[in-house]
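Going by the order they are written in, the chains are A, B, C and D; count residues from 1 in each one.
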Amino acid sequence: MPIRLGPNQYGKAENRVVRVYRDTPRHQIRDLNVSTALRGRFEDAHTSGDQRDVLPTDTQKNTVFAFAKKHGIASPEEFATLLADRFLEAAPAADGARIEVEEYTWDRIPVDGVEHDHAFVRSGQGVRTAVVTVDGRGDDRVVQVVSGISDLVVLKSTGSEFHGFLKDEYTTLPETTDRILATSLVVRWRYDTDAIAQGIDWTKSWDAIRALLLQRFAEIHSLALQQTLHGMGTAVLEQHPEVAEVKFSAPNKHHFLSDLSPFGMENPGEVFYAADRPYGLIEASVVRDEASEPGNAWLGTPGFC
Amino acid sequence: MPIRLGPNQYGKAENRVVRVYRDTPRHQIRDLNVSTALRGRFEDAHTSGDQRDVLPTDTQKNTVFAFAKKHGIASPEEFATLLADRFLEAAPAADGARIEVEEYTWDRIPVDGVEHDHAFVRSGQGVRTAVVTVDGRGDDRVVQVVSGISDLVVLKSTGSEFHGFLKDEYTTLPETTDRILATSLVVRWRYDTDAIAQGIDWTKSWDAIRALLLQRFAEIHSLALQQTLHGMGTAVLEQHPEVAEVKFSAPNKHHFLSDLSPFGMENPGEVFYAADRPYGLIEASVVRDEASEPGNAWLGTPGFC
Amino acid sequence: MPIRLGPNQYGKAENRVVRVYRDTPRHQIRDLNVSTALRGRFEDAHTSGDQRDVLPTDTQKNTVFAFAKKHGIASPEEFATLLADRFLEAAPAADGARIEVEEYTWDRIPVDGVEHDHAFVRSGQGVRTAVVTVDGRGDDRVVQVVSGISDLVVLKSTGSEFHGFLKDEYTTLPETTDRILATSLVVRWRYDTDAIAQGIDWTKSWDAIRALLLQRFAEIHSLALQQTLHGMGTAVLEQHPEVAEVKFSAPNKHHFLSDLSPFGMENPGEVFYAADRPYGLIEASVVRDEASEPGNAWLGTPGFC
Amino acid sequence: MPIRLGPNQYGKAENRVVRVYRDTPRHQIRDLNVSTALRGRFEDAHTSGDQRDVLPTDTQKNTVFAFAKKHGIASPEEFATLLADRFLEAAPAADGARIEVEEYTWDRIPVDGVEHDHAFVRSGQGVRTAVVTVDGRGDDRVVQVVSGISDLVVLKSTGSEFHGFLKDEYTTLPETTDRILATSLVVRWRYDTDAIAQGIDWTKSWDAIRALLLQRFAEIHSLALQQTLHGMGTAVLEQHPEVAEVKFSAPNKHHFLSDLSPFGMENPGEVFYAADRPYGLIEASVVRDEASEPGNAWLGTPGFC
C-alpha cells in the first residue's frame, strides 16, 4: 500500500529536575524542565509495535535525573548536549536527539540585607530556554544550539507610534503618534556552529543578550513592533558574533485608551484597558548572511520561534 | 552590514467570533477562534518602520467579523479560505496568508426530550481545527488545507501492552502486557490539493475522520502508542483518498498502577494514579506516497503538529 | 503574647485516582480528583512543630488509593464519606474532615454503532463535584454533603433581555431586548441532613438536577442572569426535597454585538465578539426556609460557591 | 412557597486597568486587575428580573476606568475604598461593596546602568492583592481592608525536617531531617479597623510585611510547613500593630529525592523531582487576641485565604 511512515520523534517531556549544590553552606540550585526526543530508524515500533530499537521514555527520564547527579548542570546548554550524546550512544537506531530545557531562576532571600545561604524566592522576568539538537555520531556529529528567553513581559508607556499604514474599506484604526507598546517576548537565537565548536560561555552569552534585548527595547523609538524587534535582533547579531540568527514571537498586548469622553473627561494617554484577545502577533527573524546552516536546529520548534 | 531580515509573518491572533443564524426560530451557531497572518514583502516595516504596505492587524480583525456577516461561516475551512483570499487582495505586498481556526461545538439542550431551538451547552470531546494557507494570486494561487482535532482525550482500560524494548543501564521500567493507554490527541491532516480543487464537503469529511480515528483507537490492540497512532493514521489514508498526510502529537498520559502492597492489597489493574509530568510525547505522521506537495501547508504550525 | 492560632486545616490536594472495574469484559471507570483536609486540635504542629498528632498528608494520599481498591468508588459522595470517617478514626486530634472530589466523565467510544467495552473518550459538558464534611464521631457525628457541577458552559442565542436598570453618570450601556446570554456555571447544592440520614441515590439525584438546571436555563425567558439563576435554583428546590440550598457562581460571558456599521452593514443579532475580561460575575443562592443547618458544609469553599 | 433568596452579590470581575503618570518625563505606571461586587436589597432582580435597583456591571466597569483618571491610583487599598464608597453612593439598594484588586509590579529597564524613564519589565516575586469591603453609609460605615500577596514562590534547599508524625497502617512516608521545603504562598492580612481609621501608609506597610515574611521563611528552621507559616504570621503580628490577623494558603510543593540507587549512585540531597500533584495544602491563620472584629472582611474570599 502506498502509505509510509512520515517524520516522527518520541521522548519524555517535562522532566522537572532540581539540582542542589551543597558542597558548601552556600547552596546553589538549578531548576529545570527537560524534554527529550529521539528521531531515527524506529519504523518497526510504528508499523508492528516491535520495541527492540526503542529506548523507553521512562529510561530517558531516568537518564535525566542520573545525569543531573553524575555530571551536574553547568548550564542548560551543556546539560542538554550531554543528554543528547548519551541517547545517541544508548539507542543505536537513533539518528538524532533533541533536548529542550526551560530554566527557572531563583534569587536569594535577603535577611537583614544579606543574601541567605539556602533560602530562595522565584524570580520573574522571563524563563531561560535552550534547545540542543545533536545529529549523527563521531565525525558526522553535528550540534545545534538554540538558546532563548520566554515570558519576558515588557512595556513602554510612550515612545511608540503607529501610522502611515495601508488602508482598505475595513480599516477603522486611528493613527497614533503615542501609544503603549507591550509584549510578552519569546526570543530564540541560534549559535553559529563554528562558535559552538570553539566553545561558548553559555551563561555569560545569555546574560549579555538578555540585557541587550531589554536595553534596545527601551532605547528604540518604535514605529511598529516589527521595527522594534528588528532593532533588537540586529543589535544581538552585531554585538554577538557567536550568534547566527535571532527569532522572535511577540504578541502585541494591546493597551487601548479608555474612552472617558462620555463622562466629560479627557484621557491624554493616562488610563488604558489592557486587552486579552485578540492580539496582534508579530513573528520575525534576523539572520547573519554568512551564518552557518541551521540543519535540524529548528526541527520541532514552532515555525517562527 | 551582512545582516538581513529572515522569515516573518504578522496578523491578528484569536479573534473570537460567534455567528448566529436566526433566519428561522431554530437558531444555528458557529463559535470560532480565528487567527490571521500575512507573509510577504514587508521589509520596510521591519527595517525603517514604514507601514505603507502593512494592512494593520486591526483591519484583519474587522475583516473577520465583517466576513462572518457578509459570507457567513459554512465551515472553518471555507471561511478561512475566504479570509486568506481577501487579505491577498487587500494587501498587494502579501505573498501568502495563513488562517488558523479553532471551532468549539455546542449541543442543543434537551427540554422534555426535545432539543431546544436556541439554548445550547458546550460539548467536549475535542476542538475542531483548520489551517488554510493561500499562496499567490490568479494562476499561481495555491491553497493548502490542514484540518484537525485537538483536546480529544481518549483512554483504554486494557488492550495495551509495552514490552520487548531496548534496555540500558538506566532502564528500570518493568515490561507489561496490560496497562492503561491514555492520551490527549492533537491530530492534523492535510488535504490533497487536487481533491481541494475538485471540492470537498469539509464537515462530512471531518465528521467521518473523527469517528474513524476514535474507532481505530478502540479497536487496535496496542503494543505501543506509536503503533496505535500509525494504525489510526493509516486507516484515514486508506478510507479517505482526499487526505494526503496525517500528523499526530500525542502525550502518553501515564496512569501508574498504585502500589498497594504495603497495605497487604493486590492491585490487578484496578487502581491507578494519573500523573501530570513528565509524560511521554509521541509525534508521528503517515504520508501517502503519491501525495501532493505540502508547500507552505505546515508553515507556522509546530513541527509534528 | 496575645497572639493565637486561628482557623486551620491541612491535607493532600488533588489526588488523581482512576478506578477500573474489570470484573467483566465490559469495564467501568471512575476518574476522580480527590482533595482531603483535616481540622482539629493541631496546635502543637503549628507552634512547636511537634507532629505527634498529625496524620501526614502522604498517609492521606495512600488512604485515598487504598480505599479505591478496598471499598471501590460507588459515587463521589460515598467515597468521600468513607474517607472522612477513616481520617477521623485514624487521627484522634481531628475534629472534622473535609473531602472534595471532582469527577471527570467518560463516554464509551462507538465502534460500528456499538459502544466499546474498554475504550473511552472524555466527555465535556461539566465536571461533577462533591464536598463532604464530617464533624465529630459517634453520636455527635454530623455529615454534610454539597454536590455540584462546574465548567458547565451554556448559551442562549435569544430569549434574553436587559433593561430598566439603574443609571448614573457613568452609565453608557444601551438597553436591549435581545442579547446572547452565556455563562460557565459553577453550581453547588447542599443536601438536607435528614435526607442524608435516610439515604440518597447520589448519582440519580445528580443526574436529575443537572438535567433540570439545563432545562430551566433553556426555558426561562431571561430578564437578567440573576433571574435565570433564581429560576433554576427554585426549580431544584421544588422538585428535589432532598436539597436544602443551591448556590451559583456564574460569570456573565459577554458576547458583544460587532459594530459593522463602518462597513455599511447591519448586524441584527448575527455576529458577536466573545469577550474574555472583564466579565459580569453573579453569585447567588436559594434556600429552603425549613432547611437543615449548614454547619461546616461550606467551610473552605469560596463564599458563594 | 417556603423558598427564599439566599446570600448574593454581583459585579464586574477582572477590569484590567493600567494608569500611566506622565506629568514628568519619568513615567510611573500602576497595573491593576479590579473586581467589583455589590451586596444588598436586590431581591427584585432575582425574583422578577426587575432591574430598577441594579447598577449594571457595565457601569461599575466604567467607574473603575473613570476613577483611575479622576482620582488616580495611590494604592490598591485607597483606590478600592474610593470605588466601594462610590458604588454605595450610586446604588441606594446596596448595603455593602467588595472591591478586590491584584496589582502587577514592573521594574524599570536598565540602560547602561541607568533605569529608563518609560520602559519597564514585569517583575515576578508575587502579586500584590487587596480586598476592601465597605458596609453601610455615614455613621454606620465600616471599612475592612485585607491586603496580601499571591504567587510568591519560595524554596529552602535545607533547614527543613519532617518526622515524629502520627502513623497508621497506611503510612509509608519515611521520616527525614533534611528535605527541600517549597511553596507558592497566598498570604492575606486583615488590618485593624482602628488602625484603618487613623490612617495607614498602605504601600509602606505592604513592603515591610512582604520583606518580613520572606525573611522569616528563610530564618526559621522548619519542622513542618505549619510551624514555618505560624512563625511568619506571628512575626507580622508582633511587628505590625496595624495588622489584626494573617491567613495563609500554602501548597507544599513536594520535591522528592530522586532514587538513583538502581544506577549505583547515592543521592545525598542533590537531585530532586519537583512534583505537580498531589500536593500538601496547608491553610492556617494567626490572630491577635484583642483584634477588631472581621465583620464582612472575608466574605467572598475562599475559606482560609
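Heads up, the rule we're going with is that a residue touches a chain if its C-beta (ideal position, glycine included) is under 8 Å from a C-beta of that chain, and two chains touch if they have at least 3 such contacts.
Computed from a prediction, not measured in an experiment: that's the story for all the values here.
When the partners of chain C are compared with those of chain D, the chains appearing in both lists are A, B. Using mean Cα coordinates as chain centres, the one most removed from chain C is A. Counting C-beta pairs in contact across A-C and across A-D gives the higher total for A-D.
Annotation: 38 Å between the Cα-based centres of chain A and chain C.
Centroid to centroid, with C-alpha atoms defining each point, chain A and chain B lie 24 Å apart.
Separation between the centroids of chain A and chain D, computed from CA atoms only, is 31 Å.
Multi-chain contact residues of chain D (touching two or more other chains): 15-16, 62, 66, 170, 172, 262-263, 276-277.
The residues of chain B lying in touch with chain A in their complex are 1-16, 35, 37, 42, 45-59, 61-63, 66, 90-91, 162-168, 170-173, 222-224, 226-227, 229-230, 234, 237-238, 245, 247, 251-252, 277-290, 299-304. Of all residues in chain C, those touching chain B in their complex are 15-22, 27, 29, 31, 62, 65-66, 68-70, 106-107, 109-112, 116, 118-125, 152-159, 180, 211, 214-215, 217-219, 255, 258, 260, 262-263, 265, 267, 269-276. Taken together, the chain D residues at the contact with chain B in this complex read 169-170, 172, 262-263, 276-277.
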